[in-house]
Structures are given as structure tokens and as C-alpha cells.
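What follows is a set of structures for review.
Look at the two complexes coming up: subunit A is in both, with subunit B in one and subunit C in the other.
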Partner chain A sequence: MSATKSSDFGLRLRQNMGFAIAVVLFSVVYFLYHLAHPKGFSSQVLVQNSNEVFSLAMLAMAQTVPVLMGGLDLSVGAVMTLVDCLASHVLEGAGWSIFGGIALCLAAGAAAGFVNGCVVVFGRIQPIIATLATGAIYMGLALFLRPIPGGKINEDINWAMTNALGDFAETVGIFDDGKAPWFQFFAGVPTSLVFLVLVAGIIWVPFRRSVTGRTVYAIGSAEGAAFMSGLNIHRGKLAAFTLAGIFAGIGGIFMAIQTSSGNADIPMAGAYTLSSIASVVIGGTSLLGGTGGAIGSIFGTLILKVISFNFRIFDIAPLLQPLFEGLVLLGAVSLGALSILRVKNQLELFR
Partner chain B sequence: MIHPADNAFLSLAGISKRYGGVHALNNVNFQCERGKVHAVLGENGAGKSTLIKIISGVVRPDQGTMVLDGQTVNFLSPSAANAAGIVCIFQELSLMPDLTVSDNISIASPPRKFGLIDSKAQRLRAEELLASIGCEDVNPLMRVRDLPLSRRQMVEIAKALGKNPKILILDEATSALTSTDVEKVYAMLARLKAEGVAILYISHRMHEIEALADNASVFRNGRHIETFAKGARNNEEIVQLMIGREISAHFPPKPAFKRPKPLLEIENLSWENRLDQISLSVGRGEIVGLGGLDGQGQKELLLSLFGVLKRVEGTVKLDGAKQELTSPRVAKRAGGGIALVPEDRKTEGLMLPMSIAENLVLASLDELSTGSLVDEAKVSTAVADAIQRLKIKIGSPDDAVSTLSGGNQQKVVIAKWLMTKPDVILLNDPTRGIDVGTKQEIYRLLRELADEGAAILFYSTDYDELIGSCDRVAIMYDGRIISELEGDAINEKNIVSAALNISGNESKGGAHVGH
Partner chain C sequence: MIDMTRYSPFSRLSRDDKPIAIAATFILVILSAGTCYTMLRFGSAPLLTPAYLIQQLQIGSFLGIIAAGMMLVILISQIDLSVPWTLAAGAMTATAVGGQWALPAALGVGLFVGLLNGFGVAYLRIPSMIFTLGVNAVMRGLMVAQTGGFAPQTAATDLMRYIAAERTFGIPHAIFVWLAISIGMVVLLRKTTFGRSIYAIGNKEAAAYLSGVATRRVTILAFVMCSVAASLSGVLLAGYATKAYQGMGDAYVLPAIAAVVIGGTNILGGRGRYLGTVIGVILIVLLNSVLSIMEMPEAGRQIIYGLVIISMLLVYGRGEKVAS
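Our next item is the complex of A and B:
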């Protein structure tokens, strides 16, 4: 009875066209980048790129969840900055206190997201304006924690996280300090890339396959039908915003580790938030909600970032970069809008 | 009142529900049994949908008790009713268009492995359920959005079956199906019936009811009128039970019937599967009514005449000249002008936060402007004229239109279009949710406009209104005009029989399925 495997694959491909295009586009452009780079295909370049991508990729995943639900979260940049400033206070020490600090940072991100969810669910305020307000509050808290940039991060963790797996193993003292023969094949892989994959695999993939995760998709697709199907709408919304807070928090922790300091930089928080929305759209998630996913958003981030990598390599006037990013974004959005051409009742265009 | 049968599985006693001042259900007693198909009959607004919403937990009754299998129940939500085994297949689909078929079918309680959704098991379950209603052609991986309406309806049925219903409610569930699907659904219902499921069947297709139902209950004006066994009543008697009500409004006298020269001519109009070869004409001075059950294509016909629908086939002529109606802006200027008083005044008729004056002039800004600037002097005379003509009760024309009552808001919508001095006036159920006094003013106004030479095409869900105010009535069924009534032939009996398509000229929709 089941349809053939190949036709199922075709069906899934058609359903995830935006995502597939993002993957192919990134792969091609990134391959060209390495070809042109003097140190192309080296661990060093990979590590550098991966570190640059990590925080924005986290924010893009964070943004994906509320967008799937049909909302926008304008506070993700602020939550990241808040956790960044918090981390610069609690990740100084060594040993077990590091774990406590990281747990505290994650809890702070989750709490900020949960508050967003409460304002939206119980305050019945549209996500976009609710998170604009809470985002400003989180920025205020961040400034309170770090009025001027500063603070310190444990040097070992900075070294371990922002280099290749070999350095990570050496610092942590596993796999014969990273010299085990079998390990050499992996030693050049960027640590931050591994963590990116782990976060996606351990948090996002199970969430998507949980009832709560599917509730989020259902809300974004047709909230009334989701209610009529007996789904827990409130729990879905709270979970979506809380998860966004956790992802943004992870982004903040990495930012602190990477820069070895905390900085309540308001313009940067805003820019990160806007880039996260761009990443989500480029990665094939519909702003109307219901379709897409966080893995696509990671590729959206990769595309945005690979543009700037290429600008450095090919020595193009940096002023053209925002223009080019804008064109890519417009192109991505237009692909999603093609279905409008099929609408036969013009009133439906306004609903 | 009927005494509860000993074998009643679900029994409702003294159920009432009010919406504002309107009794949607008034002291209703109702029973249904296991292993029986129970048809629920009634006109638009008779209270059928309120009844099933109460049974399925969507709406809570103001009064009365509901007893299920000997237990008094009080459902707070649809999921509570589902848990008790009451499952409803709603007319408005409860599917999420962006999710796949298998996701939708198992949305509330999917099969799980290690706490996570087991997509393989879920898919198998979807395949089994779809196969049980003969719907193997739907791939469970497809998104619901990409399925045609008839397939979506089958998915909706599969979803309901997946909840193992003890009481299954079908609300017009076959209206979008093809005739082969209808046969499959009949077979499924027969199977469920044999398994002891109680089935409540709401349909406007009398043939289906004849074929399926063991018992039938007639509702009228929120009251339960009568329950009878299959064969105890013939079609004529059933129609009589459904009508029997007093006229509630007074209408201006109609002129002697004569057919004027057509102004608006519609020939072979078709759109998607909603409009099917419609031909109709409306002359100057004529009020033509559109009747029939809700959702038979009346709204689409009006929208297509106002240029809202794309890729409409057929021709529309005004005064003999062919028109290309591509948008409301074009329709407004076509011939002597077309106006549409839309279905939903709050979203399509008015800008609620804007002032009464601003709303009134919105469709005629071109005429009230000098160059590109709006001429305030012309505007204030025009606004004053309109307010006086329609007797709109207002404080100041500068108040927000949202401050007005429903009836006065509707008058603003009508006045707004009269200011464009249209030749053809289309109205989409203009008196819905309006008090009787304002209704009568609207009837008088329509007659005045017709006398002044306008051609009026008027859709109403209220049969009294069609009888009282129209010179001719076209009844639609399944996207076609199946009957045109004029003169004395415009009476309730003819309208209801034509709307239910029981005048013997049944042609499609899978009605001839014997069981």
C-alpha cells in the first residue's frame, strides 16, 4: 500500500524546496570560497568560519520557533546580550563552577523566553510588540550587569571552545590529550561546529518530534483547527518562547566565551535580531508559520555569513555587502510568494 | 415532549442556548441510540449547528442537562467530548493545512516511542484509516494544503474515525465529496452502525437522509419539533414541518409583475467548481433574489460580478455591452456602475476606526474631488444627504463608525455604495444580524431604488425576505440555478423544495445510492 521510496523522496523534496535551495546555494558558494582562499580547505579556516557563525546560528534557531507559531521574537538579540553579560560574571572560575555558571546562563535564557511566552499567552499581546518591550527590559538588565564592556572568562574554556577538537581534547584531557591515533581524523574539526550539531540534534530534533513541537507547527498553520483538535495551545506557545530563550542563551554563552568578556552592545543586539529573521526566511521557514524548521535556519545563517566571507576573499567594496544580502533575502522571499499567483479569489489575498 | 427511550445512549433534556437576544436553542429534548443513524433536519438557523456544537463540547449550554450512557456530562472543551467518545466531523474543516495527512490524522494523540512521535507507526495508522474508507490514493506524507477539497474531507473523516467514536456526528460531511466517495462513506457508516456507534447525520440532501437514516428529528427556530422513524413522514410533510412559522416583518407592496428589458445579463458563468453555467438577467426596476441553502455558490456569484474572482468563464453584459470585470475598481465604473454590499460589514464593508463621514465617501472619492484634492464642501453635503436619506442615527459624522449599532453600520455600508449612484446593486445577505425595524427600512429603500431604475440582485438566507421583497427569485443548488420563481410561485414551499432539490430533477452529488 505504501508508495514507493523514490516518490516519497520527491514529495519531501518538493515540500522542502526552500530548505533544499538554501543547502545547495550554501554548498556551492562555500566551495568556491575555499577554492579562492589561500588557505582553503584547512582546519584553520573552518574553525574561524565556524566561530563566526555559531552565535547567529543559535539566534536563527531561536527565532525559528516563534516564527513557526506565526509570531516574531524581537528580543532574541537582547536575551543573547543579557546572557553574554551574565556569563562574563559567572564563567570566570575553574572546575565545577564552570558547569554551575553555564547552567545559570541557560536558566536565565529560558526564564527570559518563558516571560515572553507568559506576556503573549496570558497578557494576550501580539508577540512582535510583547517582545519589543521585553527585549528593551532585557537590554536594561544587561547594561545593569555590564555598564561598560569587561569581565573575564576562564581561559581554558575559551581556548577549548574556539579551536579545533584536537585542542578541545588536549585542554579537557581526553583521548590521550587528543593524541590518540584514531582521533587524528577528527582533530581538525572545529569544536563550535560540533556543538552546533549537538545542540540541533539534542534539543531541536526531539522537540520537533514531540507533541508540543507539533503543536507549535499546528498553531502556526491554523490556530482554530489546532484548538478544535484538542491540542494544548497555551503550552505550545509557552514552550516556543522558552525554547527560543534557551537557544538565544546558548548563543550568549558562546559570545562571552569567544570574546572573553561581556558587552551590553545595543546596536549589535538589534543587528543580530534582524539577521536572525533574515536567516529564518532564507532557510525556508514561512513568516506566516506552519512550515519550515530550525535546521533550515542554520543554513540561512550560513548563507548570510558566506556572503561576508566572500566579500573578504574577493576584495569587493564592503559597502556593497548589505545590498547583496538584501538581494538574497528578497530572492528567498519571492520564492515563497510564488503560490500567490495561483489564488483565484482576490479577497483571499487580504486574509 | 418525548419521554426518554430506555435505550437512549445520549439524551439531552431542557437544553437552551442564547446568543444575545436570540434563542439559538430553546428548551430542547433530544435522544439518540446506539447502532442507529439519526438525521437532524431544519432550515438555515434552525439550531442544528448549535445542537451539535453543544453535544461536541464547542459551546456550553445556558441551561439543561446532557446524559451520556447513564452519566451526566458537562464538556468544557472539544477534547473533553472526544475523550468521552463523541467525535464530530465539522463542516469547516479542522485540519491544519501545513501539516501532513498523517500528522493531521494523529494530531491529538500520536503513537509514541521513547516519548517522541513515532512517525513510522503514525504513517501506518494513517494508511490503515484511509484504507478503511477506501481512500488509498492519498499519500499520508502529502500536506493537507496540497489536497483537493474532496480529499481533505476524506482525511477529516479518517481523523474522526481514528478517535474510536461512540457517537459520530457528521455535519454536511458529504457536501464536498464526489459520488464515489459518498458511496464509500455510506459503507463506512453501515459498518460503524453494525458495531453499535450512534450516528448523528446532518445533511440538506433529502435523498441521503432517505437512504441512510433510521430516525429523523426536525428543528425549527431553535425548537425540537418532532422525531419520527424512517418512512413515517413523506418529503412534503417534512418540508411542512421545517417551515411552519409566522412572518416576522412587513414589506413594501410589490408592483404588478412584468419582465423589464434586461440591464444585467449573465451568460454561462462558471468558476472553479463553485459556479456551474449560470445564466440570469436582472432588468431596470427589478429586485431579483438569490435563494437556496447557504454555500451553494450565491456568494461566489456576487463576488464574480464585482470582479473579485479571477479566471471566471462566461460573459457578463451591461445594457448589451460585454464587460471585463477584473477588479472591484473596474466593476465600480463598468457601464452605469456596479455596487456590492459585502457579506461581512466589519471586514469587507467598513473601516471601523475611521469616522462615519470618511467611510461614507470612501467609494466615491473620485467624484468628490477637484483635481487630486478631496473637496470638503462637496463631501459634507454628500454626507449630510446620505445620512438623511437612510435615516442613519448618529451623534456626529466625525464619530468612529465602530460606535454605531449593527443596523446603523449596515446603513453606512449601503449609503456608501448609493453615493456612487450605481445602476446595478448587489447585496450579500444585507439584513443578517440586524433588528427588525432597520430591516424594514432596508426593504423600503431597495424598492425605492428599483423604482428609480436600479437593477438589484439580492442574496438572502431568510426565505421570508425573498418572498416579501423580490420580483423574481433564483434558487441555487450546487453552483447552479435550479429554479427561477416569479409572481405567486414565490412561496415558502416552492423555495424550500427547490433549495433541498427535491422537485424530482436531482442530477448529481451521489444522491441515488440505495442501501
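Our next item is the complex of A and C:
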């Protein structure tokens, strides 16, 4: 019994090697970061890091879903920017109007993703080029909403979302305004980190286990075989892009809350899209589709970000930082190439 | 259901010619729409003057040279995202080295980046999408470290100015460069073994390998040509603007991919004619120019740009129902 269990664990480890490496790498580097930081292991540092990571982590999760089905979504940055600009219009008020605004933003993100899916499924255009075009359209809509940066976000929600759980409870007025004795243990946890875990747990995990989620993986492994097995590949593709839109929308909402404004910045949207692809690959998802997952992509983002955190405390000349970031990215993706050393038949290289 | 395509004027064309004919027709549509606008607004037709068209071709030659290289890479079903900073690195190296070694040094940078990209894709088998992205980040880092993050103070040499901006018989030299590269591309793709190998690899790399094509060498060569084209375009751009600056290549990679695809080249590789890429470049340049004459705000431009790409591809770029 125990023998099968351990071999089962070994198999799972081998299947998720990229993910395991990402988790270990991040843990070690982040631990060193806290050791070296003058205010290391404090809630304050954790809150700051978590806020910086949240939007890109959402985009990385968004990018993961189309990549899993063997596609790519070059519009995630544009969808995030579009929702960011929309949020800067609809999240000004107080009370229940905020819930309406957030629902509207999520719907906008989902709609943008759904349109991507429709162009890919019914237009039969390759995802990479279809989302390149729709990305331009979403960017245009974002510029239409915010020709120049501006707008305003309700201050309470800004405070509640970008600080620790204790501040969140105080603003919302739960748990004796966050002063309940049992709550003190959690009071220092960053709110954005909790939401990141919640989004992953409530949206991603059930999706992955659903038939539609498995269909997405199957399409990425072998679309023809998935179709012949009777899976609804149209629904799988539509769901993959819609889910990407929802994740990107959540990222956009947080970006608006964090910056208290909307900003339709085309180069920034492009940079976020490219970083999301890098996060997905570092997190152990294959660009060919079929293997990996959104949790890995979160760790991919964490690795990308923790490197730039370390630059701040290890006193690396600012001019050299982009070079180091590039080398780390190139090195990280080259790690995946080690597997070709084991290939015995050269034909296996062509997939 | 009636097959409408049977009755369209484009129906007799082959699969590779149809996109070119449709894109060329669309160029005429853009020109006439722009002319109608200027006739109504200003009472003149500046879009139809040779001076305007030649100027558009000059602007298009920078994008056209990049797109020619990008097409080679797309034909072997790869992609090169390192173009922006290869271009900037070429331009910055040329202005920094100066003198008669400016052009060779810049092309050397392109050669080096191309070899690196080709090595990563052909030998390490890393997907080109992510490997070239990493190379782009490294090149950016090198240039920021080199220049201090500011536009370099060095200026373009006289030769660069001569190639990029000056004219003979009223035609800018940049157009001649683009023309020479275009003739080279047509010969390369149609008449040489290398060209045949590129199409073979794009269709099925394993089959090409088993047929004795040196797939790795061809892949590396395609990436080298793409990077050299990007750095050459950087030299021309620096000559045109008299200097190099940070991020000068950022606005070129996505239009280059779009031009190649609008011209009928399959984004999955293996199919497409070079003439289509030229038409695609002209279409994008003219569209941008006409929209700016119409004083269209950036928001509207982006939306129209996206809609044009999607609608062109809906007409002729549709794939199979289920990928095998």
C-alpha cells in the first residue's frame, strides 16, 4: 500500500516538475529577500509585495487558460486596461453602487474574453492573430473611456483592498471592526493575497475539475482526438477565452483600485501581456498546450517579481537591472530545454 | 446553402493569390475613401499625388524590410519577438561606432542576435515565442546599461543619412533598399533550395527532416536573416531620424506580423507569397496615414486597425474546423 503511494507521489512529482521547481525557487529566493530586508518578515513588507504582484498574477492566470488549449491570448493586457478604465468610471460611489460597478467590470472582462472566443471558434482565426486584432480594439475602447489618465476610486475600497486584513475588517465593519481577539492572528495577512487565493480556489480549481476544464486540457494535448472522443471543443474554447477575460478583468479592477485612477497606456498593456506569457512558462505550463496550470503561473509571476524586489535591497545599479531581468528570464526558459538531453530518437523533437 | 464565393470576382484565383488580390483591392478602397474625405473637406486630392505616395513608400520601407525578415520566420512556423530591441540595438550601435564601420557593426549585431535566436529555437528546442521574448529583454538590458537609459547623443553618419533620407531622381534611397531586398526575397523563396526548405519545414518539420533537409541550419539562417533585416531597418530609421533612441522599435513588431498575415501568409507557417507581405505593408502604412489625415483620435484608430485585421482574415484566413 505504502509502496504504491510513494510511487504515486513520484509520478505526480515528475508530471509537475516545472511547477515544483517554480515553488522551491520562489520559496528560497523570497526567504533570502526577507532575511536581507531591514523590515523583513513583517506584515508591512508582505502587504506591499502582495499588492505589486496581484494584477500580474491575475494576468498570468488569464494567459494560462488559452495556453493550456494550445493557443495564446495577446489581448489580456488590453482587457485589463479596458476594465481598469471602466472601473475608474464606475467605482467612484459608495455602498451598493460599488457592488454594481464591480459586477459591471467583471461582465465587461468576461464579454471581451467571450468575443475573443467567438472570433477564434466561429471565425476560425488562429488565436494569436485574432487576439492581436481584438487587443487593438479593446485598447481603442479603453482610450475612448480614458483619453487621458484620470478618474477616481472610492477611498474606502482602495484602503480596504490594498492593506492588511485588519484594515479590511475595520473598513467593512466586521469582527468588532477587526479587533476581535481571535482575529488578531490573521490581522496582518495582506487582503490582496487573500483575494488571490480566493480567486484561485473559487474559480480556477472547480473549473479545472469540471468537464469543460478537462476539455481545455484535452484540446491542448490533441484537438483531433478530443473531438473524436465526443468532447464539446467549441464550448471548451469559448470557456477558455471567457475565463481568461474574467481573470484579466479582476486584474484590471485591482489595478484601478490600487492606483485610484484609470490609464489607457498602450506600452504598459503590451508589457503586461508579454510578462504574463513569461510567467506562464516559468510556472511550468507548456506553450504547446495540455500540461500545466494556473497555480503554477501564479508562482511564475512571484518568481519574476521577487527578482525585482531583490534588486531594491541588494543594491544593484539601476541601469543593470533590466539586463539581469532579461538574463533571468532567458535562463529560466532555457531550464526547460534540459529535457531534450534525454531524447533518444530525434524525431521526438518535432511535435 | 448557396456558395457565394463561387460567384465572387476572386473565386478563380488560387489559395495564395486570393488574399493578395483582396488586400490590393482594399488599398484602393482606403485611397478612394481618403480622397473623398479630402475632396469634401479641403477640395483637393493630395492622396493621389506622386509626392504623397512616394513618401508613404519611404515610410513603408522601414516596416517592409522588417516584415520581409519576419515572413521568413513565420513561414517556418516560428515567430521573432526580439525585433524591437534588435532594431534599436542596430541603430544605437551604428550611431555609436560611426564612420565607415557603422553599417557593418550594426549588421553584426543583427547577425549575433539571429544566431542566438536560431540556436535557442533549433538546438535547445525552446518555443520561439518565449525564447525571442527573453532575447529581447536581454538586448533591452544591454542597451539600457550601455546608454544609461537615455537617447544616445551620437548622430547618424552621412552614409546612413544618404541611404535613408536622400533622394535620386526624386525617389528616396530607402525605397531602393526595400526593392533590392524584395527582389532578393522573391528569388530566395522561389528559386533556391533554401526557399523550398523553408516551405517544407513550415508544413511539417518532421517530414522535412526525414527528407534530408538540414532543418536546424535552415531555422538558424531564417532567424539570422530576420534579425539582420531588423538591424538594417534600425540603421535606416536612425538615418531618417538622424539619431537613435530608446524604444524606437517598439512600434514595429506587431504591425510587421499583421502585415505578413494580411498578405496571406499562414501564421502556422508553410504557405504564403512574398508579394502579399509587400501589399500588407502598404495597406497598413496607408491606413495609418489616411486615418491621421482624417484626424481620427487614437481610440478610433486602434479600433479600426483591429477591425480591419479581423475582417480581412475572416474573408480568407480561416482555418480548419478541427485541427488534426
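The working rule: the second predicted complex is superposed on the first by the 331 of 351 C-alpha atoms of A that agree within 3 Å, B and C clash if a C-alpha of one lies under 4 Å from a C-alpha of the other, contacts with A are read in each partner's own complex, and residues count from 1 in each chain.
Throughout what follows, a contact is a pair of C-beta atoms (placed from the backbone, for glycine too) under 8 Å apart; a residue touches a chain by one contact, two chains touch by 3 or more.
Values in this document were obtained by computation on a predicted structure and should not be read as measured data.
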| item | value |
| --- | --- |
| Which superposed partner A:L132 touches (first subunit B, second subunit C, both, neither) | second |
| Touching partner for A:L329 - first (subunit B), second (subunit C), both, neither | second |
| Partner chain in contact with A:G40 - subunit B first, subunit C second, else both or neither | neither |
| First (subunit B), second (subunit C), both or neither touched by A:L347 | both |
| Comparing the two partners subunit B and subunit C, which touches a greater set of residues in subunit A | C |
| First (subunit B), second (subunit C), both or neither touched by A:G290 | first |
| Which of subunit B and subunit C A:G100 touches, first, second, both or neither | neither |
| Subunit B versus subunit C as contact partner of A:P206, first or second or both or neither | first |
| Doubly contacted residues of subunit A, that is, touched by subunit B and again by subunit C | 227, 346-347 |
| For the subunit C and subunit A complex, residues of the former touching the latter | 79, 81, 120, 124-127, 129-131, 133-142, 144-145, 148-149, 205-206, 209-210, 247, 250, 254, 257-258, 261, 267-268, 297-307, 309-310, 313-314, 317-324 |
| Complex interface listing, subunit A residues touching subunit B | 1-3, 7-8, 11-12, 15, 206, 209-211, 214, 217-218, 220-222, 225-231, 286, 289-291, 343-347 |
| Complex contact set, residues of subunit B against subunit A | 58, 77-79, 82, 90, 93-99, 103, 107-108, 110, 112, 115-117, 119, 123, 127, 131, 136, 139, 141-143, 271-272, 303, 308-311, 327, 348 |
| Residue ranges of subunit A touching subunit C (in the complex, touch as defined) | 72, 119, 123-126, 128-130, 132-137, 139-144, 147, 223-224, 227, 233, 266-267, 270, 274, 277-278, 281, 287-288, 319-327, 329-330, 333-334, 336-337, 340, 346-347, 349-350 |
